[in-house]
């Protein structure tokens, strides 16, 4: 019994020692559930970690929370897809640089029977109007994510106020789980193509509307402004952002998912110039700055 | 009153409060080798007095002297020189031997001496064959013997016993009394015990104190009390005994 | 039902093939929850015993607080610990957020009141005269506390199992303070949530079964300890 007691005292000391011995610099990347669930980051992050020797801690929350974390200096770099909120973020000076990384598109998924007749709609706004007037189940993420933000924009374009309607259900969950719920209850949902493709085999949903201009889904990488928050890992976040727009990475993005789903999940989109002028202007192409 | 023998325990002006009841003992003494019995009806304060003397109840007033020196009975030093046997045997988990050595282990005694004292105590109370038995599986009489053996193994300077023979059937009681008497006379321990059982009180005790409603109404040797019983309880305690029993050797 | 059968197959396959990611996740789960339980014992049992034995004003209020603490929601604890560990928070300088240490902290906060509360009840249930008898045998207060702890071994081990069960199975705190980061803070419960949201139901069930299996083995060992010596 005494031996056990001695072990009991030693164990926490040993553990604290082990955990404290983490000298590698670490970077907090706040991103959306769609980039994580699709598996893209499982590919890209190890690539970056190997190159840079930096440890990346990926927190997959909605774009809304990611931007909020960036605003508090609790994250170093953001990979998000909520353009209006991002522009506000940059305008208020929370980010030092914002660059386009990739895009894909949103699709409107729903049950094969399509009770609201969405297939016949020409634009996303029209489809939303049809759903509202038919009163068929629609599942929203309701979590201030990029997807949710676009969805709200589309309701506005359709001149419909969905809140309060019994057919309008907000799950508060990530994209994958929301699609699972929609599939189970045979409802409609707005989703990014990537998540839909990766879950397709388990869903009883089909793509009923796609290709509309308003459904474009753009991802940007934002470096959090270190001058506002001194604890932010400025060098690491810069290096990660550079990595994402580097041509090697962009090539990897281009081919991601093709062998599994027959089509790419994301389309690389990095510009040679930064997306919005803010603070430092980096004019040289990011190739070669991969350290 | 007690002749040339030294006083082991002396009480002066003791006042103890417990559950709305007050015990007042202006003076009480226990001499070397004396065995004092506290008798009295239920609620008279016998157990209260015992617990105060053992340091388990804090007195509201008064002084206790141990071998001539004022002492705080709650202190560890004092508690390691005395011990008390409770009404219920209160066995600890483990075997009989584990229980008997419990008090010795607390004092950090060496393995060899511990074993020797335990064996001796087990013998004295005729429970050596039970040494490896689980203490939870004992009969009432067996458990009582274990708790006595446990106390005696400590070789205390004063022994306190609260109703040591309570609720035992007559045959078992007879044997335990015999062994207890033997142990007491062998060790010449001063002891204080409470009891309802008059036969054993008279057999074991040198002096008797009669308590009633929180006060000692009379104190003295058996003979003195038999001649002048102070109250009804005392009277019925002593009557039809046909004279004092033979003196102890 | 077929899904569950698939899950069982998947669980066996992952374990037998010693899939490194699953092994890593399992090891981390056991380590993190094990350490948290240990810390909760080291605090909960002695403090619980002292709380039961000592008398002081406000004792009932304190015990009431401890009993309330037994039902702390993991996600709320996770949220509070997150705010403490944020860079802008009071403990931000240590950089503990999104590390296993953060999960250990949050889980210790969850388990400690459970262990403490059950210990208080266990020791209070012992006869008061037992405490007095032990003191009358010459025990110091510390020795008496230790001996009473041993006397209450049965319910105290139940407290340990309750504490461990609470933390090995929780997901709310682990996700918040750990971030579910692959290779760093992903544990069995958080991985199950992730696999479910990805639609990999068989893997999710497999992970769930692995969690149950390990929890069963550990509790069996603790039960052996608890029941040892009983007739």
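A, B and C are the chain letters, set down in written order, and residue numbers restart from 1 in every chain.
Going forward, a contact is a pair of C-beta atoms (placed from the backbone, for glycine too) under 8 Å apart; a residue touches a chain by one contact, two chains touch by 3 or more.
Small disclaimer: the values here were computed from a predicted structure and weren't measured.
Counting one step for each move to a touching chain, how far apart are chain A and chain B?
When the steps are counted carefully, the minimum from chain A to chain B is 2.
Pick the chain whose C-alpha centre of mass, unweighted, sits closest to the average of all protein C-alpha coordinates shown.
C
Taking each chain's centre as the mean of its CA atoms, which one is farthest from the centre of chain C?
For chain C, the chain whose C-alpha mean is farthest off is B.
Rounded to a whole Å, what is the gap between the Cα centroids of chain A and chain B?
Chain A and chain B have C-alpha centres separated by 80 Å.
Taking the mean of the C-alpha atoms as each chain's centre, how many Å separate chain B from chain C?
It comes to 47 Å between the two C-alpha centres.
Roughly how many whole angstrom separate the Cα centroids of chain A and chain C?
Each chain's C-alpha centroid was found; their separation is 33 Å.
Per the contact definition, I'd like the list of chain B residues that touch chain C in the complex.
By the definition above, chain B touches chain C via 51, 54-56, 76, 79-80, 82-84, 86-88, 90, 92-94, 102-103, 106-107, 134, 136-137, 150, 154, 160.
Inside the complex, what are the residues of chain C that reach chain A?
31, 35, 38-39, 41-42, 86-88, 92, 95, 97-101, 104, 179-182, 184, 196-199, 201
Going by the contact rule at the top, pick out the chain A residues touching chain C in the complex.
Residue list for chain A touching chain C: 8-9, 11-12, 15-16, 19, 22, 26, 28, 33, 37, 42, 55, 57-60, 72-74, 173-174, 176-177, 180, 198-199, 201-203, 229, 231.
Give every residue of chain C touching chain B within the complex, in rising order.
Its residues touching chain B are 127, 129-130, 132-133, 135-140, 143, 147, 150-151, 153, 229, 231.
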